[in-house]
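Naming follows writing order (A, B, C, D and E), and every chain is counted from residue 1.
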Amino acid sequence: MPEITTAHYVMLSAALFSIGTIGVLTRRNVVIILMSIELILNAVNINLVAFSNQLMNMSGQAFAVFVIVDAAAEAAVGLGIIIALFRNKETVNADEIDLMKW
Amino acid sequence: MIETSPTSTFLDANELVINMGPQHPSTHGVLRVILKLDGEKILGTECVIGYLHRGVEKIAENRTYMQFAPYVDRMDYVAAVSNGLGYCEAVEKLMAIEVPPRAKYVRTVLTELNRITSHLLWLGTHALDIGAITPLFYCFREREEILKIFENYCGARLTTHAFRIGGLQYETYNGFEEQVRAVCDTFPGRLDEYEMLLTNNRIWLERTKSVGILKADEAIDFGVTGPVLRASGVKWDIRKAMPYAAYEEMDFDIPTGENGDTYDRYLVRMEEMRQSLRIARQGVDRLPAGPIIGKVPKVIKPPVGEVYHSIEAPKGELGYYIVSDGSTQPYRVRVRPPSFVNLQALDRMVRGLLIADVVAVIGTIDIVLGEVDR
Amino acid sequence: MPFSFPPSIEPFVLPALYIVILVAVFPLIAGYIVLLERKVMADIQVRLGPMRVGPHGLLQPIADAVKLLIKEDIIPAKADRMVFWLAPVISVVTALVALSLVPFSKYFFVADTNVGLLFLLSITSVGILGIILGGWSSNSHYPLLGALRSTAQLVSYEVALGFALIGGLMVAGTLSMQQMVHAQLEQQMWFIFYQPVAFVIYFIAALAETNRTPFDMPEAESEIVAGYHTEYSGFRFALYFLAEYANMVVVSSIAVTLFLGGWLRPFPNVRLLDFLNYAPILAMFVLAFFVFLGASRERRPIDKMGLAGLGAVCALIGLLFLVPAVLDWVQGLFWFVLKVFLVLYTFIWIRFTVPRYRYDQLMRIGWRWLIPLAMANVIVTAIVMILF
Amino acid sequence: MADEQKKEEGAGAPAAPAGGHANPAAPAAPAMEPWDSEVVQSLRKSFPGVDLEAFSFRGQNLIIVPRESILPVAHFFKSELKFDFLSDLTAADYPQKEKRFEVVYQLYSFKRNERVRLKVPVGETESLESVVPVWITADWMEREVYDMFGIHFDHHPNLKRILLPDEWQGFPLRKDYGILQQDVKWVQENLHIQSGQ
Amino acid sequence: MPESILNGLFFYVLAVVILGGAIMTITRRNAVHSAIWLVVTLMGVAGLYLHLNAEFLAAVQILVYIGGIMVLFLFVIMLVNLDEAAKQRQFNRQWSLALICTLVVLVEFGFFLMRGAGSFAFAEPGQGALKPNTELMAVALFQDYLLPFEIASLLLLVAILGAVLMAKKEI
């Protein structure tokens, strides 16, 4: 059982990041897309904390807190948009929301 | 009522329609209220009643006057004594029978005690609906004392059938005066206990103040009677307006509220209980001696004609319209039930409030479904 | 220790033992809290409460537990099976995990991290998921509405709870639960006197957190919208019940630890009050005496024997406490349990004397009164601390 | 069934407008004395064309109003005579009279502390003007009269059965609706039991 | 059971939990199920932070992410009852794009597995300590990064206004 190095964490966050992007790209349901974005942000956080642990420096963790703050803000506004959307379009599928198309 | 023109049906609006009842803990019986909601606010209600309809008026046409008396107790089973009083007095008016003073006094005392038990049951269930669990048990403890008096007097606690046409069936048991006086002495202290628990309790105020407002003119228009009418500021009580039984000789005053909300109805009923105590005490103190039943023919055959007589039941004006065709059986008996008419005002009182208030308003109108459906 | 464990897992043994004790004993404690509640309710309402099962109804909780186990476990027709099973589990698990952070006494605690209170707060906030999923998975209209309403209530009162705790933490200066108690020991003052406003706000928010009257809107039976656990029956309902009481204990122990001096004896530094150290022994003997008194008055022989046995056990424990080592160990536990009992008693007491708030009033109080007040309290405390 | 037949033949006609019996002295047979008072005069003055009869029985005053003019009379009572309280609205079935039903309005005036009863004879097929615009309380009472007697009220906001199930056939309080005759079809369909004793 | 094995075991268990949860999150048809799996993933990540002795962050992660954001997600999913949305086709045609992404990541994985863990060159560990985590976090947040802290609070304020404005029924 080799000793766990930062490399392991970096690889884990890369995998998580890719799963997140796949989720964003392939899913039609806007709520699931939002969730996949959360996954991506978590991957970023893991990286930050791993390097903070590697370099014994608190700035990584501080930045991770800011990422979490941002995720919360983004989720709130995103879900607000979904509710407004659902109220007048009765759908949450990304394909059907093509209002901008003329 | 809900303005539903035939075309726009009740359910086409995209609001939420919720059924409350018919079996629901706080509808005081089998009442189903269809609530039309916009989110939490109530847009309109529709009451579906008739689950407890036993066709009392049809039965009356096939029973003799004496046989029908017990049916009367089963309508408003909480205030059975006042039902019996109303019916007997209506028939006595039809046959112009003179009821001896002792019978009048005992009738008055028992009716006032019955009013207290009805108000106690109302207070207990009303507080329980709003969330205060404890008053229910205090009210039932007091109610027990009074039900014992009924039990000693006529053998029954709830549907008493205490009175007969023309007066009373039984002489008052010895110890009747002492027991009534005992109740009159201990009861005011207990009432203060409820007042201490509820009257200036901030949460109770918040749940009842300005909830289910019914202004005076609306109340008269809706034909609402009893404490609900008096809480809207109309000083009208049949015991004062058209005295019956021994109410002329009693001095008591009629409590009224100002803005007709749930809190005022609560205060009016609490004060009414105190007034009933005063009447009961006076009745017992000045109980005259003498016969307990008037000159009643063996077989009751009232003359041809009709009469409408109403008394002040705990819920409101309880009226009897009896048409007689000279035979031993009434030709038509119509009962004017106060709960049925008061329930009609529910829609006006509840409009614009929240769901939780429907429960409070149903409690404050104090309806008994046996009387609403007859 | 009779034998020493391999070094690497040595730090895990004691906490593991405490965890086992907690998880095994707590359902029983929750049952007896329910019995306590019913007895107090009966007492307030001029009646006796459960008397039939066992002497003075003492075996009632066991009867309740068995009934809930045997009862048929109904799952609504198109309910989402997995989530239906998962929801009560989340509630109970979060409640019990929160219990692990509570410092019962100097020696008896499962874990003490230096983010103790924050971790506790986050665990209780996860408990809300159990409620939402429970309401949603029963696949019927009313529980869903009830779940949404109770979630909104919990989330908004959690903000108030958080701010009230910040007030307390500023004085304590640490997040770890044990250090809090030591801080109160050094400053020789329970923090309730430094932060009375925070304590009051915390208490009200705690009432709302555990859905107790006057904030028990969600499962107010007189509403037409039934609570989130309407469709649950049998053992699943028992899990929700257990979660509720566990939450109550957690919330009151946070109050005790932060504001009422945790497992400290009242006036710990005053030498002449040292006789208080022997309070546990005294308490046990007084308890034994009352139990024997009760036993003598029992009619049924089996009750008489049962109570006599209980009395003997109490007396025995009293004797055991005489041993100084044991006394020292049990000292903290006794005072902590006593204080938690008092806080629980006020929870129950309030439940049976106060009517219920309407939903919008409840939310208005939460947002318009509690949160601004709590924030103001934090600011004032900050200013005061800077000046002195 | 015995008392059913006995009641049929024995039901003498309650001679509402028949005037006094031969011996007014016997207390057992008081009659409908014609009643005249300020209320009746003002009513007759403002409704000349309408033939109104006013009686009093056992001290209670009643006025018989023809079917067509019930609404104007009701408005008159409420506005001019201040009878602002409709305590009761009901009906009675007199099969042997030519106008079968009699709708009864019990009015009460707070100002005068006085009761008056309006009686409106209505034929079996005729319908009656609803007084809901005058007193809102009449709403449910008229629905009950419709439910029990089948008397139709025009311009009633929501005229359907109030106590009985909506699809119930027959009107129970009519004299020809025997007390034992339940609505067989409805009971079999909805309660799936063989109805009737 | 020496220390390092235990550590290693923890890491691999958490890694499996995180990746499994993530995959389930994006593959579930029902929105609520994917929300639950997301909660599992977040718990795994919180566990990981504890492992990287970032205790404060783990607590904040649970409090904000699971207690806050996921509750918000479930609230919206239930309010906007997505059940009928679940019935339509869930996956759109952008499979090709997703395929390219996975290929790129697979190449990296292969390279890393082939060359072994040592292949990564990291800066040597600096001094400084992470032990009294909360105190150090406070120092970092309120001294070194005070400005970003204020900006973050501003961001939150804007987000609150935005969310309320969006979700309000009639403005």
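We adopt the following convention: contacts are C-beta pairs under 8 Å (C-beta built on N, C-alpha and C of every residue); 3 or more make two chains touch, one makes a residue touch a chain.
On a predicted model such as this, the values are computed, not experimentally measured, just so you know.
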Count of contact steps on the shortest path from subunit A to subunit C = 2
Starting at subunit A, figure out the least number of steps needed to reach subunit E through touching chains.
-> 1
More C-beta contacts across B-D or across B-C?
-> B-D
Which whole number of Å gives the spacing of the CA centres of subunit B and subunit E?
-> 64
Subunit C to subunit E: how many Å between their CA centres?
-> 32
Centre-of-Cα separation between subunit E and subunit D, whole angstrom = 77
Specify, in ascending order, the residues of subunit E that touch 2 or more different other chains.
-> 56, 60, 68, 79, 133
State which pairs of chains touch, listing all of them.
-> A-E, B-C, B-D, C-E
Give every residue of subunit E touching subunit C within the complex, in rising order.
-> 1-3, 6, 30, 32-33, 36, 39, 55-56, 58-60, 62-63, 66-68, 70-71, 74-75, 78-79, 132-134
Name, in rising order, each residue of subunit B that touches subunit C in their complex.
-> 18, 20, 24-26, 35, 40, 127-134, 136-138, 141, 197-198, 201, 203-204, 206-207, 354-359
Enumerate the contact residues on subunit D facing subunit B in the complex.
-> 3-4, 7, 10-15, 27-30, 32, 57-58, 60, 62, 84-88, 90, 92-93, 104, 106, 110, 113, 115, 117, 135-137, 139-141, 148, 157-158, 161-165, 172-173, 175, 177, 179
Contact footprint of subunit E on subunit C as seen in their complex = 6, 8-9, 80, 82-83, 86, 113-115, 118-119, 121-123, 125-126, 128-129, 132-133, 135-136, 144, 147-148, 151, 155, 158, 175
Report the residues of subunit E in contact with subunit A in the complex, numbered from low to high.
-> 4-5, 7-9, 11, 15, 18-19, 22-23, 25-26, 31, 34-35, 38, 41-42, 45, 48-49, 52-54, 56-57, 60-61, 64-65, 68-69, 72-73, 76-77, 79-80, 82, 85-86, 88-92, 94-95, 97-98, 101-102, 105, 108-109, 112, 117, 119-120, 122-123, 125-130, 133, 136-137, 139-141, 144-145, 148-149, 152, 155-156, 158-160, 162-167, 169
